[in-house]
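Just below sit the structures, each encoded as structure tokens.
Okay, so chain A shows up in both of these, paired with chain B first and chain C after.
Our next item is the complex of A and B:
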């Protein structure tokens, strides 16, 4: 087994252990939650026999170890059960919501990373110039601006006042049905512009500052002098330098994607975007435990997987880390 | 049309509820519930404290909170810090309570105001572990026009939603009598008598009647909106606007912004939104007009046979949205289904129903017989019950493999007989309701579209920019500031509808210090209600005239109740002093001396002279 394969196996086992810990903590947390969720479904004043009958239907009398075993087995197979309130399986609900969130964050991720890398590289290469000053200052301002505030402001100006862009939602009333027809429609692209701009305005700052910082280090590296000595044009040297500056960005993208997936609650509310963040908040508010558990689990799995991918990629790109 | 995904063993409610259920069982460890010594004056009420295995006397948290409040105070003992629990979304309540707490401080009272999430708040009040004062606002639903909804649930001794565990035997007798009184005139008298006892005994205190129902709509596009008392123009619960509004432009589709859309599309498992929207899809047997008068709906008429029997005549010529006729078989099937399975939404509507039988199939007459004399036939039974299409529902439980749990039945496209058909639906995004032009009360418009817009800023912005025509107002009303902001927008009209709302506080008369009626009397004088109405609500509300749930404007209101004790801290201080209370050096209120016979008598008696306390007794 190669060193890379060994490293991958070790990472994978660590991921499985982490996941098991997360599941156990979630099990314990939901057990420790105060209150009686059965009271949501049964009238407080029903006769005791009726309440007991309903509880019997829900099987609340299984021993703890059996509940835990069922729980771990089901979660491992992504069987989250049914929502308490939505008469749908949690899997169905989450699939739709994750897809909707991805339809917002993935374009933002691509634009942020590509544009951020270019701007960061140029800023770092032109150290001390006006472009660097302007880029860094703008990035810091954007990074400090709360996205919900920028979102509301953008809606007020571009939608409510100027009527240039739609006021929220993924498509207009009566727009395309089904996920693929929806995200390939012009209407969706129109609805995406505002949330995309707001997201990019914040998320682009990470790549800009990261790549700029890396470029500052690389700019003074020996291989840059060698490239110059070989007579390569400045643009080619910049490309070489940028490729080397991308290493820290790999990990950052993994973390950024995870955070984006779980953390767009406010934007989803402001732009009436039916995504996973909004679903999780609603589920927690309604004590819809299966949905909340499922959503948290999916987010945990995504973050762990992305970290695993980042670790493996890092190993591939930089042999020193194996 | 209906389907069920049931692919093998999954983490169903069974397992997940089991998880949470463990918190209950963990709290009920043998020997941990130290309820020894907590007794009930009238054994009848023991049922409340023992009925549910892990509540109250079997809940260590409840016991540990309650025991000291049922223990006679020592000499010089201060009145404890009083806990008020407020959901963190209710910023208005918090604003008011900050002022109330500052004023109460002048009386030597100290409040601990806790903010918790709404879900936690519901938990706490459900378990009666919310502390001293439960704050609650009215949210109007059609069935809540029936007086029993609030008067029973919030004050009847055996009801778990009587969060202060107030047990006035005379009140309970009247409440039991009014439920069984089928003569509306006699029932009104009983309900008014109940309100008098409630006000006399100084249980709840109303902080304000309101806030007002303020709404805005696109008057450039629509005419003929209907103001339903208490509900306003834009509530799906009172859908007159959606039936009668007429377009001023070529657009015959009304767009309604709504905070959140359907939780489920099953009427059986419906939450508040599906219940409201479901009214437009499924015909109820009776409805209410804009003045809250009960009017025939799917039932063309009804006849009282005796105090527990009614004949209902089904309106002829109705059809379901799939074209099948609505028959008396469907109606009977619905009741049979509810009696056999239902333990959810429709349970309260049918809890007294014994059986139904078809009296005259040709004329569509069904006889309903109740287990006891029944007073809520029109305002509750007829208003809540729907008609389920038998051809869809008769085998649905078996087909979907849900055992006998109707809450798990999945209905993706509801078929009813109401004025609107269920159209396109994208979860958490949009819902199309298509007018059924064959309905006996056919809408003038062609379609209603409900658009999910989770934030109030989004709703206001969309209304202002003409993207929506009005805001669904079951639980979203405008503040005067918001209305003022919208009033300047062209084509927007502001509408104010008389409201039936209230915001009140419920203390714990079963516990000290509330057991002392003189303390309660003084406490009632400590609230600056004008501050709530004029400042917090920005003038959108009324000073409460009396401590009743059924406010002025409600058809069941008693106009001759004792007035709400006015805000008067000097008077409150005088009452407390006269009752034997004193003040410690730090200004905190101190209980009367342990040997104060009057104090002991009042605490044992709890109720005002002339009434009988049936609830918890003091220990020792």
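Our next item is the complex of A and C:
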């Protein structure tokens, strides 16, 4: 086995271990708590035999280890069961919500990376200048600001005071239906602007600092001198240098997506965005535990997979790490 | 790493840094407010303010009677802010201490002993890194009972991981230094080497992560409370924002939304400025950047 395959296997086992830990904690929490899980469902007037029958059906009379094994197996295979209240399987509910979340995160990711690269490259190239100072300071301050308050402020100013933009939601009432018609509509773009700005203001810091740092090193590299000796204009040299500064950014993108997802719950609540984070909050409020568990699990899996991809990409791209 | 003489003057060095001074002053003011705030607050956190004619002073803008205005239930925003400062400081301080103590100990042991101990502890750290905090904390709180203690516990169980990794890396490099060999040659035991020779050298880093921990603790508590998972009996900035958000105060009552949000932003930024100043002290290479 090559070194890389070994590292991949190791990382994958670690991912499985982490998921197993999360699932075990969840199982223990739901099981060890006092209270009968059937009580949400079962009507007081139901005859005892029927309750027993239901319990049998759900496997609640099985020994604990068997329940645990079933639980782990079902979760691992993404079989989350049915929602308590919505007439749908948890899987169906969650796929729709994940798509909506992506409709907010992916544009933010693209804008952060592209704009961050440009700003970071310019800042690194003009080292010590006023532009660099301003860019880095602004990025750091924005990054440390609590993004949910930034979101609230943005809503207060642009939606409620100036009435320029819609106050939350993914689309207006009576707007286009279905995922594709929706995300290709102008209405969706209008709703996207504010959450996009808030997300970008926080996430752009990483690309700016990374690309700037890489540029500082590349500026002194020999190939830059050669390009200059060839008589290339400064703007062309800058493009060459930036391309070489992108390396550390590639792995960071996966990490960044994970970070985006973590803070997603707050932004989806503030902007009433029907994504997976908001679904988690709603499900917990409704005591719809299958949906809540599923949402938490899906978020954990996505974040872990992204971290895995980041680690593997790092090993693939940068030969020094091998 | 700073030689011994420098360490005692760490605070003074931070205060030589302009952003360190600014951040330090803001944090000092907040700390003072956390201590004396409830004493000078004109009302209790959940106390309803009445007009002279015994009607409730509901959603009033800033007035003499209520400096920062009142909420939709007629509670005094200024008083809530002061009480909230105490909750924020309490959560920030305790979660920082808890996470740094645990993280430093795990990092010290893992880095110093190496081998399977290191392997086990570091895999544990990796697992902790894979848990998405907010969703996980929400699920835990919703099936148990929300309290300030539980929030602190959750924040600690989330924050220790970074400290553990950083301290371990530092210990790995310290362990190989001549002064550790010298101590071992002189017959010092593991415990003595760890506590007398290695621990003092990682303390500056621990302090840095404690400061970051205060910031993260305050922020996470605010986020959880904002989502409605805070302690219902303790007033905090997040609880205020939650109530304001639920009541639609963004539309009508700016005086209710801005104080907790600005206090949170100001505090978090102040700590950030201190940590930047402190990092530059620990790592002079950053100064050039």
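Note that in this section the second predicted complex is superposed on the first by the 243 of 322 C-alpha atoms of A that agree within 3 Å, B and C clash if a C-alpha of one lies under 4 Å from a C-alpha of the other, contacts with A are read in each partner's own complex, and residues count from 1 in each chain.
Just so it is clear, a contact is a pair of C-beta atoms (placed from the backbone, for glycine too) under 8 Å apart; a residue touches a chain by one contact, two chains touch by 3 or more.
No experiment lies behind these values; they were computed from the predicted model shown.
Colleague: Have a look at where A:177 lands relative to chain B and chain C in the superposition and call it first, second, both or neither.
Modeller: A:177: touches chain B, not chain C.
Colleague: Between chain B (first) and chain C (second), which, if any, makes contact with A:220: first, second, both or neither?
Modeller: neither
Colleague: Tell me which partner A:30 touches in the superposition: chain B (first), chain C (second), both or neither.
Modeller: In the superposition, A:30 contacts both chain B and chain C.
Colleague: Quick check on the superposed pair: does A:160 touch chain B, chain C, both, or neither? Answer first, second, both or neither.
Modeller: Touch partners of A:160: chain B and chain C.
Colleague: I'd like to know which partner A:152 touches here: chain B for first, chain C for second, both or neither.
Modeller: In the superposed model, A:152 contacts both chain B and chain C.
Colleague: In the superposed arrangement, which partner chain does A:88 touch: chain B (first), chain C (second), both, or neither?
Modeller: After superposition on chain A, A:88 lies in contact with chain B alone.
Colleague: Which partner chains sit in contact with A:284 here, chain B, chain C, both or neither? Use first/second/both/neither.
Modeller: Touch partners of A:284: chain B and chain C.
Colleague: Taking the superposition as given, does A:231 touch the first partner, chain B, the second, chain C, both, or neither?
Modeller: A:231: touches no partner chain.
Colleague: Based on the superposed arrangement, let me know which partner A:269 touches: chain B (first), chain C (second), both, or neither?
Modeller: In the superposition, A:269 contacts both chain B and chain C.
Colleague: Intersection of chain A residues contacting chain B with those contacting chain C?
Modeller: 30, 33, 152, 155-156, 160, 269-270, 284-285, 293
Colleague: Flag every residue of chain A that touches chain C in the complex, lowest number first.
Modeller: Chain A residues touching chain C: 14-15, 17-19, 21-22, 26, 29-30, 33, 140-141, 144-146, 148-149, 152-153, 155-156, 160, 213, 216, 261-263, 265-266, 269-270, 277, 280-281, 284-285, 292-293, 295-296, 299-300, 303-304, 307.
Colleague: Flag every residue of chain A that touches chain B in the complex, lowest number first.
Modeller: Touch residues, chain A against chain B: 27, 30-39, 41-46, 48, 50-51, 53-55, 57-60, 62, 64, 67, 70-71, 73-75, 79-82, 84-90, 92, 96, 152, 155-156, 159-161, 163, 167-170, 173-174, 177, 268-270, 272, 274, 278-279, 282, 284-287, 289-290, 293.
Colleague: Looking at the complex, which residues from chain B come into contact with chain A?
Modeller: Residues in contact with chain A: 5, 8-24, 26, 51-52, 54, 117-120, 122-124, 126-127, 158-161, 255, 260, 263-266, 269, 271, 343-344, 347-348, 403-405, 407-411, 424, 426-430, 432, 449, 451-455, 457-458, 461-462, 464-465, 467.
Colleague: What residues on chain C touch chain A, complex-wise?
Modeller: Residue positions touching the partner: 123, 126-127, 129-136, 138-140, 142-144, 215, 219, 222-223, 226-228, 241, 245, 250-251, 254, 257, 261, 264-265, 268-269, 272, 276, 289.
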